[in-house]
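Think of it as A, B, C, D, E and F in the order they're written, each chain with its own count starting at 1.
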Amino acid sequence: MKIQVINPNASASMTAMLAQQCQAIINPGTELQVRCLPDSVASIEGACDGVQAAYHLLDAVRQGEAEGVQGYIIACFDDTGLDAARELASGPVLGIGEAAMHAASMLSVRYSVLTTLPRSIHIIERNMRSYGVDRRCAGVHAADIPVLSLESDPGSYGRLRKLGKQLLEQDRSECLVMGCAGMAQWAKALQNDLGVPVIDGVQVALKWVEGLVQLGLGSSKLISYQAPRLK
Amino acid sequence: MKIQVINPNASASMTAMLAQQCQAIINPGTELQVRCLPDSVASIEGACDGVQAAYHLLDAVRQGEAEGVQGYIIACFDDTGLDAARELASGPVLGIGEAAMHAASMLSVRYSVLTTLPRSIHIIERNMRSYGVDRRCAGVHAADIPVLSLESDPGSYGRLRKLGKQLLEQDRSECLVMGCAGMAQWAKALQNDLGVPVIDGVQVALKWVEGLVQLGLGSSKLISYQAPRLK
Amino acid sequence: MKIQVINPNASASMTAMLAQQCQAIINPGTELQVRCLPDSVASIEGACDGVQAAYHLLDAVRQGEAEGVQGYIIACFDDTGLDAARELASGPVLGIGEAAMHAASMLSVRYSVLTTLPRSIHIIERNMRSYGVDRRCAGVHAADIPVLSLESDPGSYGRLRKLGKQLLEQDRSECLVMGCAGMAQWAKALQNDLGVPVIDGVQVALKWVEGLVQLGLGSSKLISYQAPRLK
Amino acid sequence: MKIQVINPNASASMTAMLAQQCQAIINPGTELQVRCLPDSVASIEGACDGVQAAYHLLDAVRQGEAEGVQGYIIACFDDTGLDAARELASGPVLGIGEAAMHAASMLSVRYSVLTTLPRSIHIIERNMRSYGVDRRCAGVHAADIPVLSLESDPGSYGRLRKLGKQLLEQDRSECLVMGCAGMAQWAKALQNDLGVPVIDGVQVALKWVEGLVQLGLGSSKLISYQAPRLK
Amino acid sequence: MKIQVINPNASASMTAMLAQQCQAIINPGTELQVRCLPDSVASIEGACDGVQAAYHLLDAVRQGEAEGVQGYIIACFDDTGLDAARELASGPVLGIGEAAMHAASMLSVRYSVLTTLPRSIHIIERNMRSYGVDRRCAGVHAADIPVLSLESDPGSYGRLRKLGKQLLEQDRSECLVMGCAGMAQWAKALQNDLGVPVIDGVQVALKWVEGLVQLGLGSSKLISYQAPRLK
Amino acid sequence: MKIQVINPNASASMTAMLAQQCQAIINPGTELQVRCLPDSVASIEGACDGVQAAYHLLDAVRQGEAEGVQGYIIACFDDTGLDAARELASGPVLGIGEAAMHAASMLSVRYSVLTTLPRSIHIIERNMRSYGVDRRCAGVHAADIPVLSLESDPGSYGRLRKLGKQLLEQDRSECLVMGCAGMAQWAKALQNDLGVPVIDGVQVALKWVEGLVQLGLGSSKLISYQAPRLK
């Protein structure tokens, strides 16, 4: 099956990292594309960035459909353009924020999210409320690290580990969700260091989309996710 | 004061109608601009349309800021691009969905929304939940009339009146909210015909923005609505 | 248009302060009355005070109706007697708590309220929940200053400024709501000092009522706000 | 122990009926007072009536305290003046709406309320939300019978029975709550006719207050229910 | 009337303590049985313990029904097996968690719960949400004392008192709920020491069940609490 | 990897059907066990049945752990014993109700559940609320078919199809969730007939557990799902 992971920003190096993570876990029969959007913003930090990224995402999905892609992962924790992508795609589309938080809700009674900048908290919380996954969330926190500094700053992992430990105690949480695609590479190490499940939405979303495609399940096209009307 | 009403679709005739409605109610000192987005979609029906309209809206707000606009009204009931516009604007920005539903919550204990197409219901409901105005909402309903047929189809008003009457009874509602900028012209007539407050968000938002600007109140720029980061 | 601001306690000096604030911001055509209730309690602090104030408020509204008042503002943050006043008035009636918190919900994603005494917190929270404006509220706090000490104690402003700064950080809030009509005079100074929107409900409610009256919008009289039955 | 049941309207005949119901179920050691408020409204239908009734209720509670009353029941389903009474009373104060709906939440997973007039629905729903007992409530309905017609109209019981049966089916409910003190006399008959628990708040509140007084439990006087401040 | 208090663990000494507490407060006509489940777990700490206790509880209720028991109290704060017991019993069944939290909601606007181990918090919170009594709850906390150490450790009371005082301040609470049947004996002393209502669910549930049985009220048997189907 | 599907009732034929469904969709490397609980109830209909099934489920999980099972699926839509199983298992445990409703929340904005008997609705709704998946659920409905009649009655499929069609319209839903493991076999046919995603929790849970195990993710063992304490 043909699966596409879209990193809706323009960062080639983050995309390369994601491709490596994803390639390592796909099923034998999966043909994987991991792409970014060269005309999009360098990183998605806030609503304006999100609007621009979503705009370019639509082209990627239209092209994916033309190429027969059967399932999509949107690799930004804001789930940028998720509903719009569902209007265009025939198969399932999962956002990594969505997937990570649904997974956390099934692996723990109380989880915390650690994202990059404080300005993203509101966006994540609004999504959570729309999905229902706020029910088991004890807090969304920001490490105050810009997205692109995650990989460039050698102290990023240490900072995330320290904050993660603090958050679990402060929130009385039992599970940690990585709130940015750029943190995907550290999920396993962090899980070892913290002793609780640490969830990277990219990996979870990828495995679940594979499963949904295999079962013949995609977005409902009845009303809300109908194809856009031609005008 | 300089106030801008942005109709985020490309319809010149709808914009003309809005301009007429708005011009009739501004305060003496208000300098009003009512504009549409020629490169945007013809009408906003669903998430894909919304992404495209929001993209073009950003340019309009950037230009408005350059021209010294002090307050904005986004004249689409989906409140398309609202948070992004707040990142760019120095003064207040109200969406007409937002304004209409806040007003309905202060004029009644139970209101209903009547919009155009069923596919918009989900978008309105998600906004309602984010704002808190779902608390007094008894239902969001669709007339099943495309946005652009509202003005072209002579039967539109009759259909809205009939549905409005039904909805009030069915929802046990005490107030009706017009769920599309294209319905603005009929609010007064409908209020007379139905005997309950009928709220057009364009007019309410315009008066409230005038008031907020006069009081020196705008969007908080502390965290969530900071200007976009330069990258 | 004839607008009445009712301060539902018996304090003449607070009423004079409010009159000054309000007179400065009304539209040219507005005829403004600002009155208190001489037989009411000296200040409204808790439910018993509220019951007594509401009782005397009814007479004021009945008299206002006889005099052709077209819109009312109830200038107590508890929104004392709000629903009862709506049963009697033909035009719109806004409480200042209600107006301030609706405004805060449209100017920020997260606001805090600072009121006078801890015993008022429960009343404000119950109102918030009824209106829906708890959705974006991060906390209701008390300065532990009795209402009438606000003006008599020269240290009041300093205390509010200090607490306001603390609350914004502690609540991760982006907007501050003044939780008592007696704080109206300090909103602008506090906004300058804190760097976020600081909302005084008296001023917002006044401007919004002017707007609603101009648009011909008042409380729905269909069911819940019908005139009292004669028995 | 000394227990007072206050019917906060002026109806002597409804009070006599309540006295009969209550006298039949008190514990041996209970000294019972059942009183109405002669200066109050004839019946409580809406917010204005409620404000007036609450005003006169305060005097009754102050007098009760002087006479050593140890627990109170407010026999109006709107729980008129409940929080104010708690500020004045040293012992527990239960409203019958409150008691009935808490009981229904412990005897069923889904209950419906049947009250008198549609205008009372909003008041009951706001109380429910404040208490938390909306969680298991499937609907609040009005029989469209004014309070005082309940006893004067010989068809009242038949109408309640018919509506009760309909509501249980329509709401998929498993328990019925009588939404007016004036319906107290019919609870047992209705329970037999409908085959589900039918709850009269007067009786439940009376037994529970007896229990709370025996256990030495009353309203917390720490913050929200402190005695009114002297000014 | 015949009332049964079931302590669903196997602890004879805790049961003896409960029997003493209960015997002291029953009505003259009440025939009281207080029993534990010898084949159950030693104490209920978490979901596995709960499943085992609930299993043995069913036998106790079946036997109670055979003996003509008219009302039941389940004396574990988790309300272990509550719904299952209601399917079997003809009369009312109250859990002590349920009863205590409903009582707290009628005696205060904001209460806190103090239970034994952190692992029980999730169970209590889920119950709260199902009943609706989370609305007025400010926090559920654990003393980190295993159930059986409550009576064996002489320092237990001192620890509860200290924590109780802290929690009231930290949660801004006005009432304390004892979150374990094993704390029943200390409610009165703690109430004196803390100056707020301290609620032991065993005693409240017992008095309320007596009241409900007297009024002829039991669980609805219409749908959810029907007797188990024979297969 | 070793995965176990536990049907927590005693029905061998339903288990055989499930085994067939599951075997068809596992990954190449998965070693699958599908088992029922011979000492459990014949089917799980209500809370008493659930208590008994959960009791026997614990033994199955303990045995599974001894055999090195790495992930579990509880194949009853009530998610019987889910939290208890998580205390015992080292790997992930998903209930099929949970998995189906989380999937529906990612494939549609509004879904409906169709279960067997009305008495199960309350159980499902309580679970939904605990998980958060009630947010996008428009209704839980019962076909009024006992679990074991599903396979024995040849009219079952026709009835489900008819009801499913009705429910989608009535609830304005866009996705249907099969509310019983015994309906697993019909998901695909129903999806074809209804034109919306029809979700069988058994298949979704199985694919997701495979994915979680592959990624090294299991239940958090920090607090709520710790192993039971030895006493």
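Heads up, the rule we're going with is that a contact is a pair of C-beta atoms (placed from the backbone, for glycine too) under 8 Å apart; a residue touches a chain by one contact, two chains touch by 3 or more.
The UniProt protein names, listed by chain, are A, B, C, D, E, F = Asp/Glu/hydantoin racemase.
Quantities reported herein were computed from a predicted structural model and do not represent experimental measurements.
**Student:** Hopping along touching chains only, can you work out the least number of steps from chain A (Asp/Glu/hydantoin racemase) to chain F (Asp/Glu/hydantoin racemase)?
**Tutor:** Steps on the shortest route: 1.
**Student:** Look at all chain centres (mean of CA atoms) and spot the one farthest from the centre of chain B (Asp/Glu/hydantoin racemase).
**Tutor:** Farthest from chain B (Asp/Glu/hydantoin racemase) by mean C-alpha position: E.
**Student:** Between chain pairs A-B and D-E, which one is joined by a greater number of C-beta pairs in contact?
**Tutor:** By number of C-beta pairs in contact, D-E is the larger.
**Student:** Quick check: how many Å separate the C-alpha centres of chain D (Asp/Glu/hydantoin racemase) and chain E (Asp/Glu/hydantoin racemase)?
**Tutor:** 26
**Student:** Indicate the whole-number Å distance between the mean C-alpha point of chain C (Asp/Glu/hydantoin racemase) and the mean C-alpha point of chain E (Asp/Glu/hydantoin racemase).
**Tutor:** Computed from C-alpha means, the inter-chain centre distance equals 43 Å.
**Student:** Between chain C (Asp/Glu/hydantoin racemase) and chain D (Asp/Glu/hydantoin racemase), tell me the centre distance in angstrom, where each centre is the average of that chain's C-alpha atoms.
**Tutor:** Their C-alpha centroids are separated by 31 Å.
**Student:** Between chain A (Asp/Glu/hydantoin racemase) and chain D (Asp/Glu/hydantoin racemase), what is the separation of their C-alpha centroids in Å?
**Tutor:** Those two chain centres are 52 Å apart.
**Student:** Can you list every residue of chain E (Asp/Glu/hydantoin racemase) that touches 2 or more other chains, as numbers and ranges?
**Tutor:** Expected reply: 109-110, 118, 121-122, 129-130, 172, 223-224.
**Student:** If we count contacts the way the header does, which residues on chain D (Asp/Glu/hydantoin racemase) are in touch with chain C (Asp/Glu/hydantoin racemase) in the complex?
**Tutor:** Within the complex, chain D (Asp/Glu/hydantoin racemase) contacts chain C (Asp/Glu/hydantoin racemase) at residues 41-43, 45-52, 54-55, 57-58, 81, 83-84, 86-88, 118-119, 121-123, 126, 129-130, 146, 148, 223-224, 226, 228-229, 231.
**Student:** Could you list, by residue number, the parts of chain E (Asp/Glu/hydantoin racemase) that touch chain D (Asp/Glu/hydantoin racemase) in their complex?
**Tutor:** Those in contact with chain D (Asp/Glu/hydantoin racemase) are residues 25, 27-28, 92, 94, 98-99, 102-103, 105-110, 129-136, 168, 172, 174-175, 188, 191, 195-197, 199, 203-204, 207-208, 210-212, 214-220, 222-225.
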